[in-house]
């Protein structure tokens, strides 16, 4: 097929990750369509030009609408702050562009639903940046579960913790407001955990939750007193899955020492499977199999037997990194475009994941059990 | 003081642990009263005699009431199945004996309350076998928390998992009945976690919970069909502490691969502290202190700086084991008797711990928030 | 059989360990002869009396020769500083007593040989305190090797490190002299590693070695300058085993952070087995078996399937500690006495282990390959 | 400066790694010269064209001499089997091209010396693919050592193990011959360890070594019997450093379960520092600092405080992977070219590293101490 023109909005953490992913995906994977790094958008225009030069984009702009309208742009990557996703995604969809949007889809579930509906109607391909589910270790974990390596799933526990808001004296920012940031830890971190949960155990039926703003105010950057933190630092939910299993999911953005602890354990009738993103190349598998005297948790180090690790490196144990996961994600989008099938996870899938984080917040606020399907 | 005469009821897992503890405590600690292993009770009488000989008890009986009545017995150790604790403890208290009872106190909270009240009234010393809180690593953890090493406590998570009921084909026993066993995982395991939680964070104010019987029936040992499992295999609660912190506690007796995973993490405003009983000589401490480039979780290996480790071994890192924790527990009881102060944890403390497990079960059954003080 | 009377010389680290072991062994094991704690020796006499009372010995003395001569003493435990082992062991043997001696046997190999020869001739039972080889995890490791779980052994690496001499400003003591301490790290630590090496791989045929006194002088305790450290802080040897395998063994008493890191890895043609005494209840097993995608190191947590763990605790994963290993050791000696067979490791075995540490020192001093059989 | 034209010879494991590194380096780093992927060489020509298309190279060739001669090529990447490095590097140097060569430089030390001398004389920039020393965790380790965080270095131990030749039934290949492969494990793996050793402790003065061919013959691929393995599967050396420290280095290509275990520990007078490449984002630091009760090994997770991690990701703990290390390496070369200084490690440095592996082999063959400067 013809090559695919990429327009990228944003040059921060995720903007760079998208640029690196599109820059590397063909060399890594081989069997993906060629891409052209057409247009990069940031403000001011100077910055856009500098970063376009650095990232290898042909052109730069400070006008995201122009980027979307650009005829050479086939796919729009949206890596701006969450509050901007909604307008940009709707505009891109309206322009018939494929959309690669960072998570969460939007600040509210209503916005997310509108984005999903628009994408469905337009028939464009969508991909949402739930990169951790692209980890070969995670893909292998799902395969093991599917094959019955740990029997029927009966329980699940998951946590996703960081410490970027652990310091009580960190200044107040827009991240602390519902209007600009929406949810707190749930939106930044919690939805990643949900995406893994759904891959491993399937949909959640209902939940009850509690949440907390650990640091209720933060100092204003200008020193003029303190302002209120409106969204949650921690949240935990007791979940019931559609398949009858139970479990819990937790998140904190104020957990000192945790840098990217997206961790979970799946309890099955024949074994257990555990993972921690801070050791992203390791999977822990226990199976009730063979003599008890030799049983224990086996640390499986990712290697070529866990595709697509081998596309990065033919030798096992050499370790993938965070940016490699975005390459796998970009490849999935490009193949979906080429082969005209839905990419996973697209807006449909992300909407399901994000229902859960909104259900957690709703349950905690209203102190009642929330059925996911009621959202 | 005069030596203390020990009467021990039961010779199973905990019976042996008590016998070993009383046998070693003076040699290990030095500054504890001498003990006399007076009388051992089990049935049938033959077994009692054999085990008395093995354990070093002077005499044996198959009549626990005779043991309690024996004038040479000052302290009664109760290590029988949980359903028997109530009658034995009340009888021992009535006879004016000190009581060292295994956890949980009783099958129901009403029984536990009656035991507590009787002991209070009689003024005897009581100790309950929450041995894990006697671990020098735990004592050190509590000291670190108290000294503010991790700042104010804002969140807590705990788990206690084993796999002794993970196999779906394990035969049905009395352990599966409410009448004979009372609670399931909560009673066997969960109360241990609560005892640690209270030591680290203090009392729980209220909670909401969910629980599950993973394996709803089990095969009868005689092959004649299957019988119902009446109590829970897993339970999880979202808790709110009196001090304002939130958190969660979880337990499962069906968690393959977990042998004694009594683990927790305490989140503070300045750091985090983590522990796993399967590595009982290690504590994980993160402090937001000094240059970020050198920060990380520090694995503190228990040593003489963590009393009373040095009573067992003058060299650090040589490792204590499970039975050593019972020695520390026995020492605490003997000193309380000698010095005429309350032992920790006594029936009062255990009653507070056990309120929580009953609150978890109640919340899960009635699907509502339960205030601990309402029990 | 009649009970066995124990005479214990020394009340320090190892003295206490012996006392605790003899105090607990019958209760733990059941099927061992009964012991009587007859006589405890230390100086001054006051201390001996105090410790006899604490340890539960019937009598005390400050005269080790009297202890050996005492007719109620059947077995003599020698836990004094190494320089005293030789005279005491020879006297005990001459008196026809069984001897339980701490390692190393003596300061020189000639002394060790004389001790071995005397014991052989007298026909008394001997046991040497190489306690780490009594760990059920180690016994299981040897069983796995013997059963071929990792194929033929082709390579071995071992380390035994502590940090008790890591601080350069630690005062000079007799431990730094060849006359009083003999070897340094090799004698304190290295011989333990050899005992494990021999159990796993069998005898060493020859070696080449290097060693070093890291801190060449130490301050005198009285502040009057510094004195020379005569023995080694570290030593490493390249070894060739009788079975054709190669490997290396290393020791340091100046390794900051290592508290009891007695660790090794055995490389086989079908797998690998690893261990670290600082996690003494864990064994790491890798087998090239089954699908590569599921291979990895399995952490085997010690449990009842690894005898005699079950004698201490019927539940897996509850953890043994250092003192428990001495109980297993004491049981082996008592059974050897009862059943009239050689105890393992006796003076014969210890002599073989200790040849190796002297060979390491000799090779390092003379800068040449040393054949073990030439010693 | 003008952009730098890259010619890459080879498209295997390392060929792809170079292609990915040059493709990403500007986007990741920003402050490096722009590169043009000019010409890719492999055989047959078809394969070269296919891979050039995949890797993003402008042109392809099956003639490496043509690549070197191509005027648009400024820098030649040599990623072919080791036996070809010598001719290619000399030709590239002769053509005045900068050379980025995979390790080891050559099959023999004489060849390596000739390569070093030619590069020196020609004044071209050289870089050798010792990528593991580009890990931010390693850079940080060296900084900690330099700053005295662990005091004076007194001892070092290193290992580098894989299991790619662990299976005895793996067919014989050219890798088993001295003529085509030169050294075995030492050349493939050992030299990586030396490069780290030199960075941490500095040059080795002399060593004594032993080595072994574990699997002495291997089956021929065609089934016609077995052929001899000429080079070593394992090697270990006792080393003395120029600074007076001692230590050991070991390597095995037959170590089941080890996938990329390039690990080391540096013993200092004030602490210890440890690392394992299989957890490449973690450093273990112990310092004798502050209260003993809080001491332990701290796991430092790589983050933006450890440059240039932040160029890949602004959030700590998100993990770098193997290919990221090559990006850092490529950046170092490009900056050296731009700024006209020597790249590290260049041919001079690599020659020093590789002296050591040849010294190990020489010492083992001749059973004598080898002074590194005598090579």
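Letters are used for the chains, namely A, B, C and D, taken in the order the chains are written, and counting of residues starts over at 1 for each.
By definition in this document, a residue touches a chain if its C-beta (ideal position, glycine included) is under 8 Å from a C-beta of that chain, and two chains touch if they have at least 3 such contacts.
Small disclaimer: the values here were computed from a predicted structure and weren't measured.
Interface comparison, A-C against C-D: more C-beta pairs in contact at C-D.
Distance from the centre of chain C peaks at A, each centre being the average of the chain's Cα atoms. Rounded to a whole number, the gap between the C-alpha centres of chain A and chain D is 34 angstrom. Centre-to-centre spacing of chain A and chain C amounts to 53 Å, using the average Cα coordinate of each chain. If you average the Cα atoms of chain C and of chain D, the two centres end up 41 Å apart. Counting partner chains per residue, chain D shows two or more touched chains at residues 258, 295-297, 301, 303. Note for the complex: chain C touches chain D at residues 150, 154-155, 157, 159, 163, 166-168, 208-212, 214-215, 234, 236-238, 240, 246-248, 250, 252, 254-258, 267-272, 286-288, 295-297, 367, 369.
Residue ranges on chain A touching chain D, taken from their complex, read 12-13, 16-17, 19-20, 23-24, 26-28, 30, 54-56, 162, 164, 258-261, 277-281, 301, 303, 312-324. Against chain B, the residues of chain D that register as touching in their complex are 140, 144, 149, 285, 291-301, 303, 305-306.
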